[in-house]
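Note that the chains are named A, B and C in the order they appear, and that numbering of residues resets to 1 at the start of each chain.
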Amino acid sequence: MNLETLLYGMGIAAVAVNASSGVLEAGRRPFDLFGMVVVALAAALGGGSLRDVLLDRTVFWIADQTYLIAAVLAGLATFALVRLVRLPARLFLLPDAIGLALFTMSGTQAALSVGAPWLVASLMGVVTGVFGGILRDMLCNEVPLVFTGELYATASWAGALTLVGLLALEVPAGWAALAGGGLVLVIRLCAIVFKWRLPVFVARN
Amino acid sequence: MNLETLLYGMGIAAVAVNASSGVLEAGRRPFDLFGMVVVALAAALGGGSLRDVLLDRTVFWIADQTYLIAAVLAGLATFALVRLVRLPARLFLLPDAIGLALFTMSGTQAALSVGAPWLVASLMGVVTGVFGGILRDMLCNEVPLVFTGELYATASWAGALTLVGLLALEVPAGWAALAGGGLVLVIRLCAIVFKWRLPVFVARN
Amino acid sequence: MNLETLLYGMGIAAVAVNASSGVLEAGRRPFDLFGMVVVALAAALGGGSLRDVLLDRTVFWIADQTYLIAAVLAGLATFALVRLVRLPARLFLLPDAIGLALFTMSGTQAALSVGAPWLVASLMGVVTGVFGGILRDMLCNEVPLVFTGELYATASWAGALTLVGLLALEVPAGWAALAGGGLVLVIRLCAIVFKWRLPVFVARN
């Protein structure tokens, strides 16, 4: 199995994991099955879609409907599973962190490949990683979780900047992505375990 | 009057009807006239715009501003009408169902015409049909109605899949669209009358 | 300093001012630093991004990352400043009005330059001017302020129509933009001072 195949499989896995997170979030509200599928698709495909629209690329799940099928199946499976088994809520934090790392790397690389400058490219990585979750929360009429919880986007940005920096130093793409993605994963998991947060700005009025 | 002209007229009508629904929804909140026009435009043009942006086509109301004018006029007329006459709220469900059927057919056909695979094309029909309403509700800071009420997106998806299936069997496009659109309309109207709903997922925690 | 350079500088200033407004709005909620930066970027870049995506142009801040840097720096500076000094909330209304005028003119001209018809072009000016603020409020889970307060979008539309009309009369672009932008500014400032509002639609049920 070569790197290309591995990355593709991990991308599919990231989409599926995010779809699951959408179903779990929507489950806190009295949505019907369709509402849940929409939130699952928004969570799974939203970040990559925004990246592709902003970069004027063909939207990834329109070009290859495997992603769409994976998201729908993962959403339905989660829907069924949650009715059968009581899952610990924190179980999903590990695959979700893997998804964040993968989406960040793929988003940054996609932006670099169309010639975006470094700051734009690193932010595209963050957008790809976190926008799905923001959309999921907006559809559920809640304040986006990513704005208030443990380090999430910060982990994503640190990894994206690492990738951009290593590529500028002419490190091979595979190793640079491994280092950047690994950094995302480590920061995110440490943030969960040690409750790392960014300073919160409280207005005085 | 040929099929082409009929479809165009029905598209304009669908845009106008959705604009009306936007004004009626925004009227529950203390929005000013502009806020109402924005919600009307979002409801009327949102689904088709998202479809065109995702498919990388020219956005339909930028290519032909008749749609935009129809949406603004319908919004203003509704605004004026509601101040004069008390309308039964359920009056709008029939034209709204016709709009859903029309948008679903046009969205699915647009996606097929740029070579989208079948699942993507059928979902584009659903997106075109329901996204305007989702956007309308998000702007009004409410949980999207389409997630919680009688069968709506399900009707749309059933019709879109019927269209895709009939076209694959080489049924002429006009008849396939008639069958698919009719199915959307029948399911939606039955759902309203008989209160058909999808199962609701209630979290146990 | 020629007109081109002046407009570019004013565009950067408009982006920076809108980023500040995003930080001030997000500050009313317990967002972390990243949440605030996202809201700042959405407020600063949202309107122009939607315009560019709808018109199928290269998104302005991807083509030139100066805008992105200006938005991030302005957001961080506001974050720091608000912790040190208590600023009068209404201080930001003047630069915000200047930003509205600038965004409206640049949005309308961009739409005309790709051949959009007059109504679409004037609405693109409004979209560019107000969508950033709508996005900012949606991310903060609030009803968009632009729908309920003093004349805002109306000022924008009046200026956009003025620009389109003067250009149709073959007034040179620089003067037409000055007149249109000036009109936006005057209407908006008068609306703030004299509390001009559009009629509010209150539902009877």
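Everything below uses one rule, namely that a residue touches a chain if its C-beta (ideal position, glycine included) is under 8 Å from a C-beta of that chain, and two chains touch if they have at least 3 such contacts.
Just so it is clear, the model here is predicted, and its values are computed rather than measured.
Rounded to a multiple of 5, the Cα-based rotation taking chain A onto chain C is 120 degrees.
Residue numbering shows that chain A and chain B use the same positions for less than half of their mutual interface.
Annotation: 29 Å between the Cα-based centres of chain A and chain B.
Residue positions of chain C touching 2 or more other chains: 53, 56, 138, 141.
Those residues of chain A that touch chain C in the shared complex are 53-56, 116-117, 119-120, 123, 134, 138, 141-144, 146-148, 152-154, 197-205.
Of all the residues in chain C, the ones that touch chain A in their complex are 23, 26-36, 38-39, 41, 49, 53, 56, 58-59, 61-62, 65, 68-69, 79, 82-83, 86, 89, 138-141.
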